[in-house]
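There are two complexes below, and they share chain A, which is joined by chain B in the first and by chain C in the second.
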Partner chain A sequence: MAHDFRDFEHLLRLVAIFVVGFALFIVVRAMLVPDDFGVYGHFRAGALDDNRQRPLAHAGAAACSDCHDDVVNSRAGGGHEKVRCEACHGPLAAHADDPSAQAPELPNPGTVCLKCHLPAMAKPATFPQVDPTEHADNEPCDTCHLPHSPRLEEG
Partner chain B sequence: MVTDRREFLIGGGRVLLIASAAASGALKYVLAGAAEQAPGYVLDDHWWAMTIDIDRCIGCGNCVRACKAENDVPREPFFFRTWVERYHLPEGDVDRPVVDSPDGGFDGFKELYRPGDGSKNFYVPKLCNHCAHSPCVQVCPVGATFDSPDGVVLVDKTYCLGCRYCVQACPYGCRFIDPRTRTVDKCTFCYHRITKGLTTACCEVCPTDARVLGDLKNPSDRIHAFLREHTIHVLKPQMATGAKVYYADLDGSVR
Partner chain C sequence: MGVDTALLSQVEGFMYPNEVELQWSVLIVLYPFITGLVAGAFILASLERVFKVEEVRPTYRLSLLTALAFLLVAPLPLQLHLGHPERSFEMYLTPHTTSAMAMFGFVYLWYLMVVLIVEIWLDYRRDIVLQARSQTGVLQWVYRAMALGSDNISPRSLAIDDRVGRFITIVGIPSAFLLHGYVGFIFGSVKANPWWSTPLMPVVFLFSAMVSGIALVLLLYMLVSWVRRTAIDMRCLDTVARYLFYAFVIDFSLEMLDLVHRIYVADESFKSLDFMVKTRLFGSQILLQIIIGTLLPLALLALTQLARLSDRARKGLYATAGVLTMVGIFAMRWNVVIGGQLFSKSFLGYTVYKMDFATREGLLPAILLMVLPFVILAVLIRLLPPWPESAAHRESA
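Then we have the complex of A and B:
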């Protein structure tokens, strides 16, 4: 009988070591893994919020039209009607938050138009392209065209 | 084997105890679909994608500049979340396109080719394809890069080790290591904007609407009509990445 007990005892020690090791693993894991890990998948759910935290640089056209309704409306029916403000005026979220904080610079009419309208082989053929030397002897475009509604009126 | 009432109750009690413990553990996952951090934004209501109309892209580089400004991408010319490539197919050689992308198209493109040389030329804007089955997510050893429930591939900067597995795994070359943080960086579909109801910075400034953000879970989004009415192609379809940047009228020579 005593002989049987000794055999059983060495198994108990093994089990005890395994149980302690497993408990230690559970405790350490609970301490290291954040609570929100695995809520949506194999990642920390808080990372979604981290990615949301970045401040805006571009305000979006809706914010512009809150104050500059007149300019937005002046484009109606023109070729630039659907071009949003910040495409030419640059990122202006700081200005939209507080107009006194950032005074937008007026785009240079000699270069801003050419960003899009300079002729290039790779541009779609239907897109209006203009060689400024040939077309107007390098005069700035706003000499004749209104940037917000560039089509020239007849007469 | 005869089971008496006492044994049955003890056994049944144990099963109940384990089942309820498992159920309470699962409850947080059930609630997760509804829990929201951004007011009015429900993760499960969106599945973001983008359409790029090759026939509209004029290579102005507005998207590249806006992306760098919006997302504080390093200004050096080899870090891009989005960039524009110019394809040049010489006459009679449609299999070997000449591709260039000076500074990612940040300053637009200088004309290199002569009209009438018989070549085919077009621009291809590129960005993270926000794959539904992303190779980059599969290889991340620490769960730092992941598919969000609304279909955007994002990076957890606090978890990223900078091991570069994902940079190599991405078949589209859309990832880079930010030299300032030494963590990986990539297009987030402007996650800080789209969760506030705005469009991405690149789509905001695209003058021809060549690139438009779309929400595949919104039945009234224009993306459904766009996908229906155009010839649609994704990049590297043979890799079965489930890419969600849909190119309209893309030439077969684009890699």
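Then we have the complex of A and C:
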């Protein structure tokens, strides 16, 4: 019997390594996986709170109108009426909270318009699209259009 | 906006916005290519072991080491692509059972730890122990560690190793099939993509894996013999080349079956795919993959089967066919991965793939990732010489 054991003793060492490796994995796993993992689903429940803690970047459409109703009025009825302020002006939550804390940089009327109006096959054909060279000879768009109310009156 | 505008000008027809820029780069081409080489090399080794094909014995250990070297590199392209290598470990901690990729982590681990390393260890144990006895200094410790501190190489213990090794090989063959079939499965199960979504995908991947792995070992065997200035065992080379030929015939038939099926069924995606193959993929699919990378090497291999050629001529033909095969299989991976992203799900538009050079997912890291397995292989060969001389004990068995 003893003789037999020596012949496969080296294999037991291999098995031992696997067993130790597996045990180590279980321990490491227990240490690394957060306690609240899987409470609501396949994620760490605390991640929800973490996300809630993050500062808001956008103030939302309603916020701007509290103080800038002149601009809101100037947009009424125009093609951009439904385009959110922050789509062009960028995230301004800090500004809406306290206007003195963040003085917004004005969007560049030469480029901001192309974000949306550059032609692309993927856009619905009904969406107004212009090639800046053809349409405006690369002049800034606000030479002719008002950003807040871009429709040019006939004549 | 910069990238999109540049790419947009290359887009033809109607493309959904999220399809304009390819997300799966050349690195994702390497992933099935490399795992395919692993599976192919291993299956070649297993043939010798399980079916006792004496002729290919000179490539047995070389195949195993090749499989290991490439397997170690296989996950790197994925990790480089995702950009957070440390997070890939979380896949093992909290695997999501509905994620095909998470399950691949376990297939990979099983194959690496339970199959390949154990089989190599069992096969090399005698050499390792002998080295541990004769080496000095650091190397002695390395070999002692590899021998797990055991010094027993009695004939009976080696006989046990041999039996266990054979068992591992038998487990290993389905594991190798699983490993690479799985890569095909990952692509084949993308329902949204008609270029990938076919149940034939795992099977086609598997056979192309065997083809590329056998071709790689064939080339490596010739290269290594040349470097060591030892004579090539022509019986071995002929047999390996014959396997390459057979595997390739099956692989080609399957791919043609897929093609014929697509043409006959001609579902709603067909026109779009057909257009793509005739235009944007013409070079890489028709020319490189099918003509240069499949038909030509098949013809060369068929020639060696039919005509009586001198050793020299056969070597030349094998080497040429081997290189062309590697090119062809790489092109196949390319056409699957990149090709599958060139068309729109609208079936009305096509985009292009622009490969960067020295960026995280550019050509340079791809080249480095392809060189790395050879470096690892060189180290492995140093540590565990696969030459027949050092496997003398198996001659007596």
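Quick notes
Basically, the second predicted complex is superposed on the first by the 104 of 155 C-alpha atoms of A that agree within 3 Å, B and C clash if a C-alpha of one lies under 4 Å from a C-alpha of the other, contacts with A are read in each partner's own complex, and residues count from 1 in each chain.
The definition used in the following text is that contacts are C-beta pairs under 8 Å (C-beta built on N, C-alpha and C of every residue); 3 or more make two chains touch, one makes a residue touch a chain.
No experiment lies behind these values; they were computed from the predicted model shown.
When the shared chain is aligned, chain C comes close enough to touch A:H10, but chain B does not. After overlaying the two complexes on the shared chain, residue contacts for A:F37 are found with chain B and with chain C alike. Counting residues of chain A touched by each partner, chain B versus chain C, the larger count belongs to B. Of the two partner chains, chain B and chain C are each touched by A:K115. Once the two complexes are laid over each other on the shared chain, residue contacts for A:F127 go to chain B alone; chain C is not touched. Of the two partner chains placed around the shared chain by superposition, chain C is the only one that A:R29 touches, whereas chain B remains out of contact.
Shared contact residues of chain A with chain B and chain C: 37, 42, 115, 118, 120-122. By the touch criterion stated above, chain B contacts chain A in their complex at residues 28-29, 32, 37-38, 43, 55-62, 66, 69-72, 86-88, 108-109, 111, 113-115, 119, 121-123, 143-149, 154-159, 188, 191-193, 195-196, 198-199, 201, 204-209. On chain A, the positions that touch chain B within their shared complex are 37, 39-45, 47-58, 60-61, 82-84, 86-88, 90-91, 115-116, 118-124, 127. Of all residues in chain A, only 6-11, 13-14, 17-18, 25, 29, 32-33, 37-38, 42, 114-115, 118, 120-122 touch chain C in the complex they form. Of all residues in chain C, those touching chain A in their complex are 1, 5, 8, 11, 13-17, 20, 92-94, 96, 113, 118, 121, 125, 147-150, 152, 154, 156-157, 160-161, 164, 349.
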